[in-house]
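Multiple structures are listed underneath, in structure tokens.
Here come two complexes built around chain A, the first alongside chain B, the second alongside chain C.
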Partner chain A sequence: MANKYSWPEKPALLGTSVKRLDGPDKVTGRAKYTYDINRPGMLYGKMVRSPLPHARVVSIDLSAAEKAPGVKAVLAHVAVGAQVMYQGDPVAAVAADTEERALDAARMIRVRYEALPHFANVEQAMATDAPAVFPGGNTRQGATEETGDLVAGFAKAAHIVEATYATHVITHVCLETHGCVCEWDGDKLTAWISTQAVIQSAQQFAQALGIPQANVHTIMQYMGGGFGSKFGPDSQGIICAKLAKLAKAPVKLMLDRKEEHLDTGNRPSATAHIRAGITADGMLTAFDGQSWGTGGAGATSGFPLPYIYNFPTRKRTHKDVYINAGQQRAMRAPGHPQGCFLTEILMDELADTIKMDPVAFRVKNLPPAAPNAMWAEYFARGAKAFGWDKRHATGDPTPGPIKTGMGVSAHRWGGAGQGSQAHVDIMSDGGIVVKCGTQDIGTGTRTIVGMVAAETFGLPLSAIKVEIGDSLLPFSGGSGGSTTAASAMPAIRVTSVDALEALFAKVAPALGTAPENLVAEGGRIFIKGTPAKGLSWKDACKLIGTEPISVNGKWAQGLSGSGTSGVQFAEASVDIETGIVRVTRILAIQDCGLIVDKLTAESQAYGGVIAAINFALFEDRILDRVTGQMVNPNMEMYLLAGMSDVPKIDIMLNNMPERGVIGIGEPPTVSTASAIANAVRNATGATIRSLPLHPHKVLAALEQEKAGGTN
Partner chain B sequence: MRFTLNGTFRRIDAHPLKRLLDVLREDCALTGTKEGCGEGECGACTVLVDGAPVNSCLVPIAQINGARVTTIEGLRGRHPLQHAFVEHGGAQCGICTPGMILAAVALGKKPTLDQMKVGLAGNLCRCTGYSAIYRSIDAVTSTARRNRGDRKDREARSGSRTKKPRTRAGVTR
Partner chain C sequence: MKHLTSPKLTPGVHCLNIRHKGMFVTSGPDPDEFAFYDKYDSTAYWCVETSRGFGPDGAPVRPDCCSGERDCCKH
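Our next item is the complex of A and B:
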């Protein structure tokens, strides 16, 4: 139902490619990230962390550190007798006048540990003779989900595939590490913090420190990535605030790269033993899966399974397995890349049992089509655009060591949002300030806030001053779950429309008409249908008088939607002598509701795809199976894609303005890895049922295939 | 320690082993140079020393005595690559951007695709915005190539070519 707030039918700005408002600040080094904040008299904080994966703290001796040169504050974070549950678990901290002195003093803190039994992987934790490491058990069995008569389902099957599939643990590796600068004024705290949730961070500081939330002011103007790992102050933020209080001086505490890998979150692993049935004409009949995964020390590891496709009868159980490693955090579409991989590799194996084309097989087993479930259309469009008809059957018949193949996968995500508030001021000199307590985590939120206001006022983006990233601004949620655009944009639209109406009321008498006859377009306010009868924006605003137009508003229904679907195609080549996989082409089709800024929306899709190439081919958190130590807590042995690893990527965004704004920060990263793995399977004829597709695993799968097949 | 920073002579009183990165950010208050990993893997701290890209987190200040150092601030917002990164969305969260731009500056005006890939291999982007970064750099370098081509065309047409035409042979490999 259209109303005065509805998105314009013929937008001037929305849906076009608009460059980032803050681009100039970012390319010149002017943009100030948390790490760049320097305060007068500022100290540097450094944390002491457990070197052991599981231990009891026997003693903490702070005395040497307290006497060290330049040290202004020292604190113990845990009590003597407490247990540390993973390598990197925080134990103590210092603040000193230089970073080097803080580091030196941290080394002087003597902590004695009594080592306790630990688990470095799920196999150790699940062993029948495993010691009791976690209070309440080393695993937690979830409820069984069951639909239909599984026995009857399998009875209908002409073929059954039974195998174990797995994905690994990766870490967020934000290029700007976690951290903050804390400064007290009496009992009031100001914190510059690298966060995806500026207002929620203020709330968490207040709760942890036992002070009123009204006394906390958090600021985040620029941040170097979060990907789901930066939703609050965490231990380092609280410690930073405590050090600042003790030292009576501002403290900067930014984590180093190793701490970042150990203690700021990761994507949990996922493994599933699956039995699935298929009829001779390609209908799925049954799915029976037992899954488990680890989110580290005492954290969950859930994910959707089976993913998307319609198994008429199904049963699934899941078990969280605790190991002595840092806890998981949300990471770009939490759970979905795992569930997608486990299901999509199975799908190709099932299709091969009846020699059916993987695209046709998937289309046959999709849930009903809907605006947020457009897979059938995308499979068809994508197959045509990608040249799917040139795909050979499993196993590239081309002679020589380089084999090429194609794969496909589908995904879904939510992307709904609500609950944002906003404030708009229009000044008598024509100036406009739009305020919202959301934050730009690199996605382009600052720009699209400005675009929605500019669109509403009929002005260029440069006419809008955008204020975000500050806890003193009107409420908005944290930037997670691709909710930011769908939550903040309606609030900006509603508030801007109301502000414009207030302006119309001031302008209408001067133009001898009623406010409802006015429109704002092209930098002018005029009587609908007769553009000559009007005023320039600036002249119109002169009628405002001394008291500016000042309007509060909030999110309203009908301007945003929920649910997205996408399909991705991948082409990869595999050197069967070295096991090296190269991705050569990706096609990503994604629906996204109303596109606000095409440039930043496409950036999300490109970035999502390349991040998933990292997941598929490179990244892997490796824990030593004996010591429980992470062996690659850096950016050298923890592999990440660079410029030369990027294939040709085509993005097809399906603009659906009638659905309102829907976030797409996460969905494009879900299905890429499984499409790549299916392409590798199509190329080599060997099935690799676990990520990452490192060369040694490719070679092992090829050996197994030669020795009589992987089934 | 004496060196030229963004065209201005500087004298810095710091420990000779202090990292160039910290000298720039703390002693010179130029925070455009970022730290990503502190061990020379991510390239966020890339600056130019005598025109060559280096990871400033790996360079003790003693090594730059008498050298010319250029940071992102030294491009003064006027370099075509800076404009291109804004235009084509090459900066997302923006934390890799200063290093990325300086590494691209060091490629010279007309890098080949391979030179571009190798030259930027040491600069990681965690928003994984490589596609837009590539387009940003390519927009500048292909313009440079085109302009050179246009000039050659014009010169050829007018017959007023004064310089001996340069050949590729011997220039590369």
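Our next item is the complex of A and C:
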């Protein structure tokens, strides 16, 4: 039901494409990321990490490092006798007056290890004769999910596909590495930290250091990527604070690229052996899947399976497998890209058993359409826009080594948020300051906070001063799960409306009317329906007096929603002589409720698609199967797309203002890899059931196809 | 503190030091989530005392093993 806080029916700004408020600051270098923070007398921290995947610490000798030039603090992070569980597990740290001296001193810390048995991959950990490496077992069997009579489901099937599908481990590869700058003033800590959760980082600093939360001030104005991996200080943050305390000086501790790959999270692997059945006319009947994956040392690896499509009878068991590698963290739509891939490749295989068009087959097996389940419409719109009617059957018949194909895939995400608070000041000079303890993790939050306020006050975005990214501001949640916009925007709207009402109360007497008769539009406050009877914003604010209008507010029901759906189409070409895959086109159709800023919403989709191209074609965390060490912990051999690898990407956003604001950070990255893999299958006729689609794997699949078939 | 509660953790059962991302995100309910796939757990857990995925005793941090039987458990 509409109320005074409802989103405007005819917005001036919302839904338009507005450039980022902080764009000029970023491109000119004025924007200060954590890495750019330099404090007077600041030292540099470096960590010493385990080179072994599993070992007991026998001794730690800090003495040489303590005497090294420029060294101001040295500490052991673990006790003698403790176990390190993966390569990169933190052991000790040092702070010195230059980065080079800190690095030299770190090398002087002598740690002796007793090597212990380790697992570098799931096969080793799942072997029947595997040694007991993890307390409680090397694997953990999850609950079995079962719906309907599986035997009856398979009995109805005219065709059954049985195969094993898999995705690999990738790391977050944040361009700005994890880290912080810590400075003490007595027992009060200020930390500039690269985080997705500025207020929540203060809480974690306080608890880990045993100090009152009120004594911690955290700041994050700009961040170079987090993707789910930056939700607290981590060990490097706590070590940084301890070094600063010991040295009685500010310390900067930013991780290097190798540390980033080893110890700041990853997307778990996923494997599933699946048996699925369909009727002769293309109805899914049954799904039986046994899945496993590794989230590293002692961590979970769950994912949704089957994904979206309606298998009326289904059974699924999952097993977490622990290996001696860095632990997983939430990574952009945790679990969904894996579950999507495993299901969507299967869907194309099933469609081929009855020679049915993959889009028609998917539409036939979707859950009922709903505002948060719009796949049928998106498949239809996308097929038309993408030229799906030009898709050939599996296997490009065109002569020559370059084969092209099309693929499709669907996804969904929640994206609901709540709980944010905000504060708005309107000053007598017309100035407006909007404050909220949310953070802009590169998604454009700063801009959309300003847009919602500007829309409410009838002013241009430039009239709004936005303050975010500071633990001293009104409470807001961490930026994860695509919840930021849905959490913060209602709070900004409510607080701005209340502030505007307070201003109307000041202005109404001067205009000889009641406050409820006033509106704010186009930089003026005037009597509804009579624009001439009013005041400019600036003149109206002169009536405020010396005490600014100062209003607190919070998130309210009805301004945000949950549940998004999307579909992606991909076109790829494959050189069957080299195995090289090139993605030539992507079409992403996505809803996100009310679009706040069309430009930044589209940017989210572009970024999600490009990240998923990396997942599909390039990224791969490779551990040496003998030593358990990562062989590509860098930006040279850990591959990412370059500019020339990024295809033409078209974004079609479905604006649904009646649903309120819903997050879009995660959903667009879910289905791209599946659509690409299906396009490769359509091009080559060979089914590659695991990611990444590296050339050697493509060539192997083509050889297998020649030798008897991958299908 | 609302943001330190979690449906995945039970006060009095699980250690007070266990953390996961969901405890720091003010997410609203997504009532239809399991209409489109069955339940699963992709959660990464950590210990706020050690700031890593292992507790002070060196064992992993997860709800199934941070529920009172470990010496480091806080209640």
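In this section, the second predicted complex is superposed on the first by the 710 of 711 C-alpha atoms of A that agree within 3 Å, B and C clash if a C-alpha of one lies under 4 Å from a C-alpha of the other, contacts with A are read in each partner's own complex, and residues count from 1 in each chain.
What we mean here is this: a residue touches a chain if its C-beta (ideal position, glycine included) is under 8 Å from a C-beta of that chain, and two chains touch if they have at least 3 such contacts.
For clarity, every value in this text was computed on a predicted model and none was experimentally measured.
By the touch criterion stated above, A:Gly136 is placed in contact with chain C alone, chain B being left untouched. Within the superposed three-chain model, A:Ala641 lies in touch with chain B and out of touch with chain C [touch as defined at top]. In the superposition on chain A, no contact is made by A:Asp281 with either chain B or chain C.
Once chain A of one complex is fitted onto chain A of the other, the partner contacts of A:Pro306 are limited to chain C, with no touch recorded for chain B. Of the two partner chains, neither chain B nor chain C is touched by A:Glu9.
Of the two partner chains placed by the overlay, only chain C lies in contact with A:Gly419; chain B stays clear of it. When chain A is checked against chain B and against chain C, the one touching more of its residues turns out to be C.
By the document's definition of touching, of the two partners only chain C reaches A:Phe231; chain B does not.
Contacts of A:Cys174 after superposition on the shared chain: chain B is touched, whereas chain C is not.
No residue of chain A touches both chain B in one complex and chain C in the other.
For chain B in complex with chain A, the residues that touch the partner chain are 22, 25-26, 29-39, 41-42, 44, 71-73, 75-77, 81-83, 85-87, 89-98, 101, 116-118, 120-134.
Looking at the complex, you find that chain A touches chain B at residues 19-20, 22-33, 35-36, 38, 99, 173-176, 222-225, 227, 256-257, 441-444, 599-600, 602-603, 606-611, 613-614, 634-636, 640-644, 646, 649. The part of chain A that touches chain C in the complex is made up of residues 82-83, 85, 89-90, 134-136, 140, 142-143, 145, 147, 197, 200, 203-204, 207-208, 228, 231-235, 237-238, 265, 268, 295-308, 314, 316, 318, 322, 327-330, 334-335, 339, 367, 370, 372-373, 412, 414-420, 476-481, 483, 486-487, 555, 560, 562-563. Put simply, chain C touches chain A in their complex at residues 2-4, 17, 19, 21-22, 24-33, 35-46, 48-54, 58-62, 64-65.
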